[in-house]
Every structure is written in structure tokens, then in C-alpha cells.
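Next come two complexes built around subunit A: one with subunit B, the other with subunit C.
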Partner chain A sequence: MNGTDLTAVLPLLILTVAAVVVMVAVCIRRSHLLAVWLTLAGLAGAFVSLWTVATVAPIQVTPLLVIDGYALFYMGLIIAATFVTVILAYGYMEKQQAYREELYVLILTAALGSAVMVASNHFVSFFLGLEVLSVALYAMNAYLCNRKLPLEAGIKYLVLAAVSAAFLLFGMALIYAQLGTLQFGQIASMLIGGVSYDKTLIYPGLALMITGIGFKLAVVPFHMWTPDVYEGAPAPVAAFVATVSKGGMVALLLRYFYETGAYRLHSVFLVFSIIAIASMIAGNLLALLQNNVKRILAYSSIAHLGYMLVAFLAGGDRAAEAVTFYLVAYFVTTLGTFGVVSVLSNGERDADSMDDYEGLFWRRPILAGVFTLMLLSLAGIPLTAGFVGKFFLIAAGTSASLYGLIFTLVVTSVVGLFYYLRIIVAIYKTPAEVVTTVPAALPALSRSGNLALAGLTVLLVWIGVYPGPMLDVIQHAVSTLRIF
Partner chain B sequence: MLHLLWLIPAFPLASFVVLATLGKRMPRKMVPVFGAGSIGLSAVVTSLVGFSFLTSPPPGNSFTQVLWTWIDVGGFRPDIAFYLDALSLVMVLVVTFVGFLIHFYSAEYMGEDEGYSRFFAYMNLFVASMCTLLLGANLLLLFLGWEGVGVCSYLLIGFWYRKPENGLAARKAFIVTRVGDTAMTLGLFLLFDKLGTLNIQDLMHQALVQWPVGSTLPVVAGLLLLGGAVGKSAQLPLQTWLPDAMAGPTPTSALIHAATMVTAGVYLIARTHVLFSIAPQAQLAVAIVGAATLILAGFSAITQSDIKRVLAYSTVSQIGYMFLALGVGAWSAAIFHFMTHAFFKALLFLGAGVIIESLHHEQDIFKMGGLRKEMPVAFWTFLAGACSLAGLPLITAGFYSKGLIIWDTWSSTRGSSVLWVAAVLGVLLTSLYTFRLIFLVFFGEMKTKVHKRPGFAMMMPCVVLAVLSVVGGFVDTPEFLGNIHSFSDFMHLALPPITERPLRGMTEIGSEALVTLVFLIGLGVSYLLFIKRRDLAEAITAPAIAKALHRFWYTDWGMDWLYERVFVRPIVWIARVDKSDFIDYIYSGIALITELLYHGVRRTENGRMRWYAAGIAAGSIIFLTIVLFL
Partner chain C sequence: MVLWPFVVFFFVVLLVPAGMIVLSHVLGQRHSEHATGSPYEAGIVSEGSAEVRFSIKFYLIAMFFVVFDLEAVFIVSWAVAAREVGWAGYLEILFFTIILVATLAYLWRLGALDWGPKTRRKTR
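Then we have the complex of A and B:
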């Protein structure tokens, strides 16, 4: 490892150091504000360092990590999403009766794991990143351990993630046993390059890896944990699970299947098609008459990952762009929706029941407006980021003639509209006691949370109306992906 | 300087956002600062842009400012771009200047209203949309503005929403214009589909290259666009919404339903004049619609008793003149009349607002009278506007613009003597109803006491507009009266001049003299009936046939009655009869199946971890089977 290599992994180093610094700071003096500021500073530092790293990219650092434009873009995305999560968590944790500061150590560690995943082109770094992320998440889900639901969520996530990790490892082992390499590039040259190999080992290996990947992405049939965990986990943590954790895995999914060329194999295509169709249908159906907003968001995220897989299956540069763009839009909206939930939650319970949102407009018009926008974006209504994202997905799908998948996407989106509108209708319903409600009686919202929501709203509309700049950045980043 | 163009719609839009979000919290005094100030800034920017356009004309006498590309997919590439040429410059100038005066007036007129900031927010949004409509370089942006002004019109007609009839009027306006908009949307689709671009200038060029004169496609496209235009501009057969639209606050009537929005149809046709020039049949339809409207609305105006409804019918009639001008290819004459009409009609509405406000919200002209001495400033300004409307020869703007249209109707190759007769008959009607209004409101004995006098903010715009209504016409005069052509020359940078046919038996001076004569007849008859011999007026309307005719005209030729029976009732009837047909079962069936499916899949989420783990295992086994055996 020389100086250039160290520069290249600067963001990872900064995140690591930040986690240690926050931990030490907590030991010295418990101060919520201090911990948050240190965390934010670490994240900001890591984000800024991306520009320094860009000067040496693309570069392979040890056989494990590749730092290219693609990795840098996804790192930026993950760090930014973590930044927003921390801001939301600050306002949320202020209301809780618990030790608050350790959460940020966990968040930083999880972000580090996710950042390793997006830069990995080797099974070892793949698994290492995944486990760093997962282990931190076990604790984060159960962070409010004096409540019943978070504990349940933590245990469920722990057991099921361990099960799926076992599948993943076994799959990797099968592939290694046959090909004798753990490096994506070398796998590609053997898989596609005409070297003869035993399909009865490679194919099951790929299938078992899909189990592990599918679990993290929460797609059917590995999705069943999602609603329970989303419902149980504290709202900012749920936001983190939905964005950073899934985003890292999406980046890895694209890199792994595109760089090894495995996406060209017919059986892989078939498996992912089934997963995509099942996820779109099941996700949207499950959310239909659900009355818990966090569970609705969980089901909707299952459907959204299904949509993303449609473009993923299209293959090629355009597809990677479409998936990445959709992911950005999904990040913004998901953080926004969970942001609203966190802002409205109190020290006893999260604001996840439909009743919490009934007539929200008449109590908090601006917050209700933000929530409406976020939901419309999830539904894919024009002038929001979600619309442009979905547009690119469909464009990528049609260019590869995946009409069956596109058809499912469109039809299930219509079903999706129903439950988003259900929430919106509840928001604008006039409560009977609207006149008697005294605005002053409402609990104060955290200013930091409002700030984060305002930023997300601006971003949402900006990407929806003027997607050009974001698209340019993504095109530039994805072009560094070596697609076989 | 031309690069400031985007600021013209941006200022009102920004002010709309501020007023809509913070309007209720800001001090009342600040509301007009934003509301009227933003329009003032727009007007200043427009003047700067206009000055630069005149002093150093851009190449090709047009300037396009591309702000950004909205999306770019498969040949569909709408830019967010503004296009400035002589046509849009003149229209934007009028919209921002007259708009500013009306906003200024509203600061006082709406001063007591509880919806003060809401009013200004809507009005600002309107101006922003109107400027977008006029400046949009492609049909998509034009359509955005078109729908934007429609929404604002709806919101402002129903501004006092607590009265159900205002809501009904708003709905009527929205739905009737929607009929036209549907035709227009189809026209836009047709143009995009056949010519493959949305940029208006490219579109016109393509149309000229690809379509032979008189072929079917341009005629169909032209007629569909005309459908949109008659809806928005309240022309036959969709004019029924405008008189009811007077339910809105008077400044709204002045700005939206007289000076600017209702002329959007005129703009649309002028903007796509190339299309109409290769579709002579469609252009003839424009002329016929205009001629018929101006006469029918003129008759209706004579019988109205509500001051605002008289003016509303007069607006319909005057826009009929503009359509007539467009139909005979007198493009610049139409825009000239648009400009002068904006001045005098805005003035008349503002004047009417002054009168209504002073008389305890009395709108019936038969309960007014004798206001000449009571309110001299209001009288003189109103008189200036009315004379301009009726076309008092030599010294009013209306005389020159209307005279030009009438003369062009005669002299253009696309004109005809029938259209010309209709236009001259229109002058008689205009003169009749205008002076009827003047004599009833300002002369005779006083019937309602003046209880409050308007202040500076309300009278200043009236005075300015009165001056413009008089001198605004001197930019373009006939050959025998100075022969000034600066307005026409300027318009010819964007719109072609008329093609004259060989003249037979009539000269410009003869036409103008005849118009003057007809004007005087109208004035004389009015004087006779409403000042000298009131008993004569009653004698004329006494017989049963006259009463029936009066009623017929009063109800706008029974148009509402007819539509109610031909369209509304049958459709409501069908809807009621067909309420539970099988088609509904399909949809409710789908909903039911989806619901059942939900209850089915929900069972998989039972909260048991062992079941979840089993799911993961089962999924893996299925996929293993697939990859191994398929």
C-alpha cells in the first residue's frame, strides 16, 4: 500500500476514524449534540474527500477494492443519505429516554460497511462490507431496547440476516471451488470467455448468492422480514435500512452481475425476472389496505426494488444509468417519507398509524404538503423525481424489449397509486374538531428535522423538473463500470 | 438586455409563491407591495427588453432564449425556451403595463376584502401564466400558460366562493373553455404527430414545406386550433361563459376577462398564422366566426341591464372584430385592435368598478343616473373609454383600430363585402349600446346616492388608461389622416401584411366616412331613446313581439337555454339512467379481486420468524431447481 492507495481509500478511512472518535468522545463526555456534530463533521469530511480521491481514480487498491467513478458516486450517495439520517436521528433521539450517543457510532460503522460494498470487486470485500453493515444494523434496529417492537425487529433481523449470509457464503464457495478465483474480473473471463466449467456447481452458486443479495434488497421471496423490521425499528433507522443498506447492495448487484457477465446467463435472467415480477405484485398488493404507515412504506419499498430490477435486467450502460437514477430518486423520497414519520414521532411511540395522519393538513399544512409530495413521487406523478426515475426505468426496459416486465410494472404502479392516495386522502380529511384544535397545543417540531425535510423537498422537485445535471453526473459515473 | 426576458414571467411567479406561502402572515400593507410591485418590475423589464429590441434588433427580428431542456427522449425534446418577436413583444408590453395598472387599482379596490393576499396571489399567477403563454417558444410551454390562465380565471371567477352562484359561474367558465381546449389539444397532437416538432417556428416552417395550400391536414389542424381559440376568447359558439364570468371581482374582469386572457385565442391564431394561410377554409371559418359573434353579441349588449354584463358582451363583440381581422389576413390590424381594446376595455371595467363601489355595489344601470356631476373624473375617463369603444372619429384609438379592420375587410383578397357589411353593422350596434350605457348611467336624474368616493390608487389607473384610449391610436393612421404606419410596420417584422385585391367602388376615406356616419346614427338613436324621448323607448319595447325579441337577445339568443336542453340535460339523463351498467362491474370487479388478493397474500405476513426463514429456504430451493433444470 503506497500513498496513492491511501488517498484512494480516504473516505473509508475518514469514516472509520470518525466512528472511533465519536466512541471516544462518548466515553469522555456524554453529549448528544457533540456526538451529532462529530458524526456530521466526519461525514462531511468523507464527502469532501471524494473530490481528492477523484484525482487518483480509477485505481485498484489491493485486490479487494476498486475505486472508480462508479464507486465514488455511490459512496457520495451513501454518505449524503447517512448525513440526512443523522440529522433526522438527532431530532428523533432528543425525544427519547435512552442513551442516545452510541447510535451514531453504529450509523457510521454501517455507512462504512455500505461504502466498502460499493467499492468491492472481490468476494472477500463483498462479504466484509456486508457483515460490517449487518452487524451494525442488528444493534441499530433494536436500539430503543426498552420497547418491545424494536427488540423484536432486532432479533428477527439478526436471525434472518445470518441465515441469508450463510446462503451467500455457500454460493461464493461453490463458485470459488469451480473457478478458483474470488475476483469479479477473473470470474468474467472464465464465465463468458469460453473456459469450460461445471454448470452444476456454478449455477447453484449463483442462485445461492441471489438468496443473500435478495435478502438485503428485500425482494420476494426473501422479503418477509421487511414490514416487521420497518415497523419495529426507530423511524430514522428504518430510513437507513431502506436507503443506505439497500443502496449499497444495489450498487454491488450491478457491479457483480455486470462485471462478471453473469447477467447474460439465461437462468440468472429467469430467476431475476421471477423475483422482479413477484416483488412488484406482492409488494403492491400487501400494502393495499394496510393501516400502518411504516408497514405501507416497507411494502412499497419491496415493489420499488422490483421496479429497479426491471431496468437491471435490461442490461448495459443505459440500464445501469436508469437503476442509479431511480435509486437516487428513491433515496430522496424514502428519506423524506421516513423523515416526516420521525418528525411526528414522540418519546413513546412512532407516528405510524393512519390515525396519526388523519387531518394532518389542518394541523401542520407545510409538513402535510411535504409528505404529499413525497408520496406523489413514490407513486411516480410528474414533476417529481419519482416520475423521471420511473420514466427511465420504462425506457430502459422497452429498449431491451422486456414487455412482460414493463406491463407488470405499469399495472402494479396503478395498484400502488391506490395506497399512496389513501394516505393522502387521510391527510386532507377535515377532522370534525378542526375548529377547536388549538395550534399552540401541538408539540414543537425539531428544527433540524424540518431543515432536512426542506432540503429533500427542494431536491425532489429539482430532480423532477430539471433532471439534466443529475443525469450527467450519473452517466459519467456509470461509464466507469466495466460491463461484460 | 434581451437576456432579461425570463425575468418577465419570473417576477410574478416569485411573488405568487411568496404571497401563497406567507401572504396570510405578512402585514396587510406588504401584500400589494409584492402583488403590484412584481408586475411593475415585469413591466420595467419588458420596457428594457422592448427598448433593446427596437434600438438593436436581433438577427431575424426574433430572439430565442433557451433556459434548459426539460426532457430529451426519442425526438421529443421540449425546451424551456422563450421566443420574442414583434408580436409577443407588443402583447407582453400590454399585458404587463395594463396588468400593473389594474394591480395598482386593486390595492385599493380589494383593500377591505378578507382574501386580500389570496387575490393578489391568483392575479400574479395569472400574469406569470399569461406571459408564459405569450413568450413560450414551443406549443408545450404555450399550452402550460394556456391552462395556467384557465385555472386562474376559474379561481378568480369563484373568488367569493361562499356564494354558490359564483362557484357555478366559475365551473361554467372552466367547463365551456375545456370544450375548446379539447379541440386544441387534439390539434397540438396532430401537429406534433405529422410534423415531428413542438417548436412553433419550426412547426410553421415544416407546415409550409410539407403541406400544399388547401390540403386536408392544415385545414383540420387549423379548425382544431380555432376550436381552442373560440373557447378561450368566448366566440361563437362557446361565448356563453364570459357574461357569467362577471361574478368575479371587477379588477379580474378588467384584466382577465377583457384585456388579456380572452385575447389568447387571437394570439394563438396570429402565432400560427402560417398554418392558417395554407388553410384558406379554416381562415374563412375564423372570419365567419368573428363576424357572426360581433353582431350577435352586439344585439345582446343592447338589452343588458347589468353594467358589467353590457361590457362583457361588448368584449365578446370586440374580440369578434379581432377574429374577423385574423380571418381576412389583416394580422397586424387584429393586434392593433387588441392593444387599443385592452386600454379602453380595461378602463371601462375599472370605471365600472368605481361606480359600483360608490353606489353600494349596485350594478343595475337602470338604478343609476346623473353621475356626471357627482363624479366628474369617473365620468370623463369613462366617457373617453366609451368613445374609444364606439369609435368616436379622429380623436380616439378605437376609431383607428376598428377603422383599419373594416377597411382591410373590404380591401383584402380574403375579405368580402358580406363580411364588410357585418363589420359596419357592428359599429352601429356598438355605438348604440355604448351610448345607451353612458346616457343611462351619467345623465338623467340621480337614482342612487353616491356614498363613497374612490381614492388616488383607483383613479390614477383610470386617468392613465383614458389618455392611452385616446392617443393609443395615433401609432397607425389611414392615408388621409397623416398616413402613419409605425405600428403596422413594426408588426410586419413578425406578421405578413395583407394582400390587397384590386379595389372596386370604395376608397379608404369613403369607408371611414361611412363608419363615421353609422357611428353618428347610433349615437343619435341612443340620444333620442334614452335622453330625449324615454317614452319612445318604452313604446318600442311594448308590443309582445318586441318583448319576446328583447328576452331572446337578453338571454344571449337563447344559447344557454339551447345548450341546457341539447347537451346538459341529455347527458345528465343518460348518466342517471346508465348509472349501474355492466362497465362499472368490470372496474369494481378488478377492485374486488385486488382486495381479495390482498387478503390472500397478507396471510404470509404472520410475524413468525420460522415461517420467514422457511420462506427464504423455499425460495432458494425453487431458484436452485430453476437454474439446474431449466
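Then we have the complex of A and C:
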């Protein structure tokens, strides 16, 4: 560890220090606003430090972490998403009767775990990051512990995440037992370097690892927890689980399977194809049966991860770009939809039933417009980020001739359109009651939440209409990934 | 890979406890007095249900024990290699300990270390 190494891990250090500072601030003076400002300052500091780090990147810091353009891009994405989550959480938590400040310590810790994951090219740092993320998420899911649903969500997540971590660890152990290395780069040279080796333990190891990774990504058949956790967790936390937690794992999935070359193994390809198809079909079909908006979003996120896997399977630079771009669009949209839910929620319950959105347009036209735009982006309608993202996914899939997967993607997207439209129809339905008396009784929405939503909407349309600059950044970042 | 020792081992693992249970069932004596079914055949007759609610404080104590005990493990493992890891290692363990102290201060401030009844805490 010398000066350059410390510079390279500056974002991680800033996040760590920010978490401790917020905790100390809470025990000196309990103030919600102070905690939020300190958190935002820490996140902004970490984000700005990325440019300092870029001057020394790419660099391998200890055998555990690699700080390259790819890691920096994903760190930026995670920090930005956490920033938005914190703003949403501020408006949401103001309405709650609970200790509010500790949530930000947990959010910062979880963001740190995710940031470690995207920079890891070693099993140890992978697992370390994953656990820092997961343990913080257990507490975040059950944060409003005087309600029933968050507790249920917290316990379910705890049990399942712990079991899946055990699977992952066992998989790593088997691969280590066979190859004698924990480093991605060395695994690659053994796996496809032409050295003949015994495959007895490699395949079980990979299968167990895919189980652990699949759980975090919430892809079928490891998706059972998703709807319950999304429904139970406080809306901003659900947004965090859907974006930062999954985003970190997607980044790692790309790095691990591309840098070790494991995606070229025929059986791995087959398993991921089945997972992708099952996720697209099950996610979209099960969403049709839901009446709870948060559950619909949960199933839709399962389907979206399935879409991403299609491009992931295509392999190569273009595929990594497509997945990354889709992830950016997915981040913006998911934060937006959960943002609307958290802005509308109150101190007793989250606004997750269909009735909460009936005739929303006639009560809050601007919010209804934002929500519509977000849902259209999830459905992949042109002029939104979701459309451009889906376009790149299909382009990547076509270049690798994955026609079966693309066919499933297109057909299930059409099915998916239906349940997004169901929410949109509910929003614009004219209420049977008198319209004019309602607006006077409406409580004011939190200003911070509105600000975050406005920012997300601008970003959504910008990426949808003019994706060039974002694409350049992503291309530059992904080019540092060493793909075998 | 030689597989048969594992298979043999697996069946031995199954056989040993099964053998113990079966043998003690066959060879063991049987009797049926009126106190045979009770948890202890001597002493005070047990009463009430075992479903007693413990105070949440016990869980807290147990959790703090696990947390801080584990931290001690990390510090000791540093102490063993203190000379070899040098100043960098010292800085890292220092940072670790500072975070630990901050956590302790936080817990103290939160009242997690006040184990007495609530009324006593207020008078202090």
C-alpha cells in the first residue's frame, strides 16, 4: 500500500469515512437533516474523487481490487444511484415515526459494499463486497420495524441471502480446490489457456456460484424473494435493492464471466440461456397477475434482468456495452418509479395498491406524467431511455445470432406492455367522485423527492433522445475490461 | 478421482449412529414407573410452559458479546504479526479501532449499554 494505491481506492475510503462520520454525528446530535447533508456530502465527495482516481487508473491495488475505467464507471453509477436514493429516503423518512438517521449509515455501507464488488477481480474481495452489501440490506429492509411487512421482508431476505452466500462460497471453494487460485485472471489462463485440467469440480463450482449470483440478480428460478421483499421494504430501500444491489452484481457478472472466459464454456452458456428465457417469461407473465404496484415492479425487474442476460450471452465488447447501457437506463427508470411510490407514501403505509393510482392524473398531473414516462421507459417505448437500451440489447444479441433468445425477448416485451399499460390506464381513469373538491385536501409532496424525480425525468428523456454522450462514456469504460 | 472411499465413508457415517440407536433399543432395559415419562425422574416436578419471553436485553448482551469478541480476534491476529506488517498494518488496525470506538460511543449514547430498568436511567 503506497500513496498511489491509496489514491486509487479514494472513493471507497471516502464512503467508509462518511459512514463513520454520519454515525458519530447521530450520537452527538440527532438531526435528520444533518445526517442527510453529511451523507450527500460524502457521496458527492466520493463521486468527485473518481476524476482524481482516473489519473492513476488502471491499477491493481493489492491482489484484491482492480481500479480500471470499468470499475470507476460502475462506482460512479452506484454512487449516483445512492445519491438519488438518499434524497428520496429523506422525503420518505420525514413522514415516519421512527429513528430516521441510522438508515443513512446503512445506505452508505451498502453502497461501499457494492463499490467494492465492481472493483474486485478476486474471490475474496468479491465475497467481502457482497457481504458488506447484504448485511446492510438486511437491516435496511426491516428498517421500519414497527410494521409487519418490512419485518417479513427483512427476515426473508436474511435467510435467503445467507443461504445463497453459502452456495456462492461453496462454489468458490470447489473452484479453488481444482485450480488453486482465487484470482480471475489466473482462472482465465487455466480455464481456456489450453492447459488440460480435471473438470470434475469446475462444473459443480460454477453451478453453485451461478446460484449465488442468480439470487442477488433475482433471476428465475432464484427469484422467489423478490416480490415479497419489494413489497415489504420501504419504497426507497426497494429502489436501492433493485438498482445498487443488482447493478453491483451485474458488473461483477460481466467481469467474472468475461475475464475468466467462463462464459465460453458450453454448459455455462446453456444454463444462462435457460435462466434468461425463464426470467423473461416468468417475470412478465407473473406480473400480469399482480394488483400491487410494488410487486408488479418486482416481477418487471426480474424480466429486465432476463433481457440483460440476453446481451450478456452474446459476449464481447459490444455485449458489455449493451448490458451497461441497459443497466443505466434501468437505474434511471427504476429509481423514478420507486421514487413516485415513495413520494406518494405516507406514515402508515406505502402507496403500493392500484387504488392509490386510480385517477392520479386528475389529482397530481405532473407526478402522473412522470410516472407514465417511467412506465413507458420500462416497457421500451421510443423517446425514452428504455427503448434505446432495448435496441442495444437486441443489436448485441443479433450480432451473435441468438435468435431464440431475441424472439423470447420481443414476445415477452409485448406481454409486458400490458401490465405497464394497466397502471397507466388506472392513472388516467376519470374518478367517479367529484374532482374539484379533492385537490384542496391533498398533502404537499416532499420537495426533495420532487427534485429527484425531475432530475431523473430529464435524464430519462435525454438518454432516450440523445444517447451519444452516455454511449461514448460507456464505450470508454468497457474498453478497459479484459475479455477473453 | 477415486470415489469409493467417500462412498464407504458415507455409509459408515450412516451406520454408526443407526447401529447405536438400534443396539440400545434391543439391548437396553425397559421399565415403566409412574415418573418415567417426566423430564427428570427425580427432583422437583416441572411446572408451567417453557415459552417464557426473555427481555430483549439478553439478546443485546449476546450480540454485543459476539460483535466485540470478534473484533478482539482481529486485533489479536494483527498483534501476532505486528512487526511483519509494519506501519501500514499499524495504520490499518488504528483505523479499525477508531471505527470500533466510534461504534461503542454510538451504542453508549443510544442507551444500549444501560441494562437497568428504564426508570433508573432517567434519574441519572
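Of note:
The working rule: the second predicted complex is superposed on the first by the 481 of 484 C-alpha atoms of A that agree within 3 Å, B and C clash if a C-alpha of one lies under 4 Å from a C-alpha of the other, contacts with A are read in each partner's own complex, and residues count from 1 in each chain.
Note that in this section contacts are C-beta pairs under 8 Å (C-beta built on N, C-alpha and C of every residue); 3 or more make two chains touch, one makes a residue touch a chain.
Just so we're clear, the structure is a prediction, and the values are computed from it rather than from any experiment.
By the touch criterion defined above, A:Phe215 reaches subunit B but does not reach subunit C. By the touch criterion defined above, A:Asn291 reaches neither subunit B nor subunit C.
When both complexes are overlaid on chain A, the residue A:Asn346 reaches neither subunit B nor subunit C. In the superposed pair of complexes, A:Ser401 makes contact with neither subunit B nor subunit C.
Subunit A has more of its residues touched by B than by the other of subunit B and subunit C.
Contacts of A:Met23 after superposition: subunit C is touched, whereas subunit B is not reached. By the document's definition of touching, both partners, subunit B and subunit C, reach A:Thr200. Across the two superposed structures, the residue set of subunit A contacted by subunit B and also by subunit C is 200. On subunit A, the positions that touch subunit B within their shared complex are 155-156, 159-160, 163-164, 167, 200, 203-204, 206-208, 210-211, 214-215, 220-222, 224-225, 227-228, 267-268, 270-271, 274, 282, 285-286, 288-289, 388, 391, 395, 415, 465-468.
Within the complex formed with subunit A, the residues of subunit B that make contact are 68-71, 73, 594-595, 597-598, 601-602, 604-605, 607, 609, 611-613, 615-620, 622-624, 626-628, 630.
Residues 1, 20, 23-24, 26-28, 198, 200 of subunit A touch subunit C in their complex. Looking at the complex, you find that subunit C touches subunit A at residues 1, 88, 98-99, 102-103, 105-106, 108-110.
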